[in-house]
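Before I ask anything, here is the structure I am working with.
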Amino acid sequence: MIGKILRKPQALIGIAMMLTVFAVMIFAPAFAPNDPGKVDIMQKFAEPCKQYPLGTDDMGRCITSRLICGARVSMSIALPTIGAIAVISVLLAAVCSYIGGIVDKLFVIVSNIFMALPPFLVAMTLVGLFESKALSIVISIVVAMWVWNAQVVRTYVLREKSKPYIITCRMSGCSELRIILRHIIPNIFPHLLVLYSTGLSGVIIMISSYAFLGLGLETGTAEWGAMLVNANKLIFSHPELIVYPGLCILFAAAGFNLFGEALRDICDPREG
Amino acid sequence: MLKVNGLEITARTSKERLVKGISFEVGKGETLGLIGESGSGKSLTSKAVIKLLNDRVFEISGSITWKNEEILTKKAKLPKGWRGQQIAMIMQNPMTAFAPMIRLGRQIEMGFELKGKNARQEFYEQLEIALKNVNLGDMKKILGSYPDELSGGMLQRVMIAVTLMKKPELLIADECTTAVDAASEYMILKQLETQRKNGMSMIVITHDFGVAARLCNRVAVMKSGSIIEQGKTLDVFSSPQTEYTRELAAASVLFREGVC
Amino acid sequence: MLKAENVTKKYGQQTAVDDVSLKVQDNAVTVIVGESGSGKSTLARMLSLIESPDSGEIILDDKKTDRKSAKANRRLVQLVMQDAASSLDPHQSARQVIDEPLKLLLGFDKAKRAKRTDELCDMVQFPKDRLKNKVSELSGGQQKRLCIARALAAEPKYIIFDESFSGLDVTLRRCILTMLKKLREKLETGFLIITHDLDTAMYMADRIYVMRFGKMIETLDDPKSFLDFKENYSKELVRAAEYKRQALKL
């Protein structure tokens, strides 16, 4: 498995991009040349120079530092979000498959109701619920997105459960619980990895679009989406300001997507 | 009629030699059996003969001549309808040989260029006889059905009837009775045997010595890309020279070791 | 004795198995011959207590089975399916596959399991150095042997082979059948072999049933040769084999 990943250039590029994002996130303060929040109105729209490698924005803040710290903000919201979604969806799918019958039917009905609501609408309604902006973003995205993931995982579980080897496992004396924990989940694990690594890129974009709609974090926070909004009004005079955060979002999302899709090709060459 | 000389087939990506320089000959009215199991290269060989191998996937070298004309080179000009009228092939799985969404009647008609009312009537008269020969009496019902409405054995018999209508000079039968039920196997064997008596040349690909004995005067036993033994069918069967042929012959007549 | 008595199973409108009775004897090989779609796989699933019949009874050692007892009896009837690759969990190693029934059904400890695994490998001629390999890394023959070893590990009274030998290369099929035949004589296990292949049937059988369109049409209690069949359909089945046999001058 690992050998196959290392032999696939698409996966390697994806991993490299992911690692870059993680490294930037962890070591953000060390990388950042300036304080991302420091306003210096005298220096606004500075050309790229030694002190400001990508120049400054309309408030004289260092763009490089803001981009680097933006990675930290984005990821620190995206990772817990996808983690919560993963736990909820796997748990629900496992319970549905274990108990089956009426519980499973109920799940389908409830999830169909949830799926009828557009995720963005749900998220926007919930985003103002909590004091902490970051927490409310996490919770609103989880509430909006869990159903989509849970449905997918449930399908994976059911598909795996209908394979002939499950009958063999029953013959070998496995209980239902053991079949789910020891046979089904290990076998769908690569699929889950794919689902959540591509899902992560979706969440990153979602967080940024929140900020873009003005629903996100406090104004002035160094975050890619917020930077994008800020640059929006300067699109004709300083188009580069909109390009930088855009590229960052693209980079992070593409990294996870590339890795996820390469992983899917490796796990299941017939699909996709 | 058909001469294969030093045929080599290599997979382009893995550089694996799948067929390792084999040579054989099929004369007019002769029938040759290629006997082997999965991975022996027998199907690849037959596909190379009828030019169905993708050049981009396989590298083919050696020579194949058909009526003293080299057909392996790119320059080789083959007349229209060469495949089918001169060399025809029957595949193992009849379910994949027909398009699933078109009624059999239309599908069969497409294979023949019919002009005018007379030609059509004549064609259907012939088709009825051909289908009767493989014990399919109700032509109307068969032509009106979709492929998945018939059993595998019936479809394979339709396939054979239609293929034989073009009166090919060489017929390649690739495991044509492996996927069908026992009752159909009998009818297919009988029909092919009649054709053999009428002087059709055949290459029969099989793993079953019984089939080979019915249809072939000579057999070549293939193992991992090479011909390891050649000779008259019954000679090879009753006094095999190699260990592998002995095993294969024993496996073909399992029942004899049992109670019979 | 494992018995089916007037068993019927329907899927929607279609009757897969129609009022079928049969006996699988201890210490003998029973064979069901039939074409694909004749309902023999459905019958196999019911006999191995995975599915329950719509009407009729499956009787295991003179006791009627139902949903509750099916679980308790599961060890006694083991099923070997057609496709070895898909009937084994691909992420398990060969050792884990054999370990599972030993641990869960028989409650062996680690040392005992290792010893028994060794014995089972010898019985089915599975190479021991391949035990650590993943199922997907094994060859077709090794996978088949592993499936048989797994079924034997449960120490069942009956093993049902549902088309387990079709699709194998003929030389390999012969290898495995000869091995099974020898094994059968040593063990106190009843085999039920379900197949469309007359060669396999005649080679292995102590008793043959012929099935068609979900019905049992003929029973051959003491098969001596192909020619003992009485029903037209059975004779038709035999015809191709006979025809080939004549050509080989046997």
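Think of it as A, B and C in the order they're written, each chain with its own count starting at 1.
In this section, a residue touches a chain if its C-beta (ideal position, glycine included) is under 8 Å from a C-beta of that chain, and two chains touch if they have at least 3 such contacts.
Please read all numbers here as calculations on a predicted model, not as lab measurements.
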*Could you run down the chains that neighbour chain A and chain C together?*
none
_Maximum centroid distance from chain A, chain identifier (CA atoms)_ = B
*If you average the C-alpha positions per chain, which one ends up nearest the average over all of them?*
C
*Using mean CA coordinates as chain centres, what's the chain A-chain C distance in Å?*
49
*Roughly how far is chain A from chain B, going centre to centre by Cα mean, in whole Å?*
55
*Where the centres are mean C-alpha positions, what is the separation of chain B from chain C, in Å?*
33
_Per the contact definition, I'd like the list of chain C residues that touch chain B in the complex._
35-37, 169-171, 173-174, 177, 196, 198-200, 202-205, 223-226, 236-241, 243-245, 247-250
_Looking at the complex, which residues from chain C come into contact with chain A?_
48, 50, 74-75, 78-79, 81, 83, 86-92, 97, 100-101, 104-105, 147, 150-151, 153-154
*Could you please specify the touching residues of chain A with respect to chain C in the complex?*
163-165, 167-174, 178, 183, 186-187
_Footprint of chain C on chain B - complex, ascending_ = 37-38, 151-152, 177, 181-183, 185-186, 189-190, 207-211, 213-214, 234, 237, 244, 247-248, 250-260
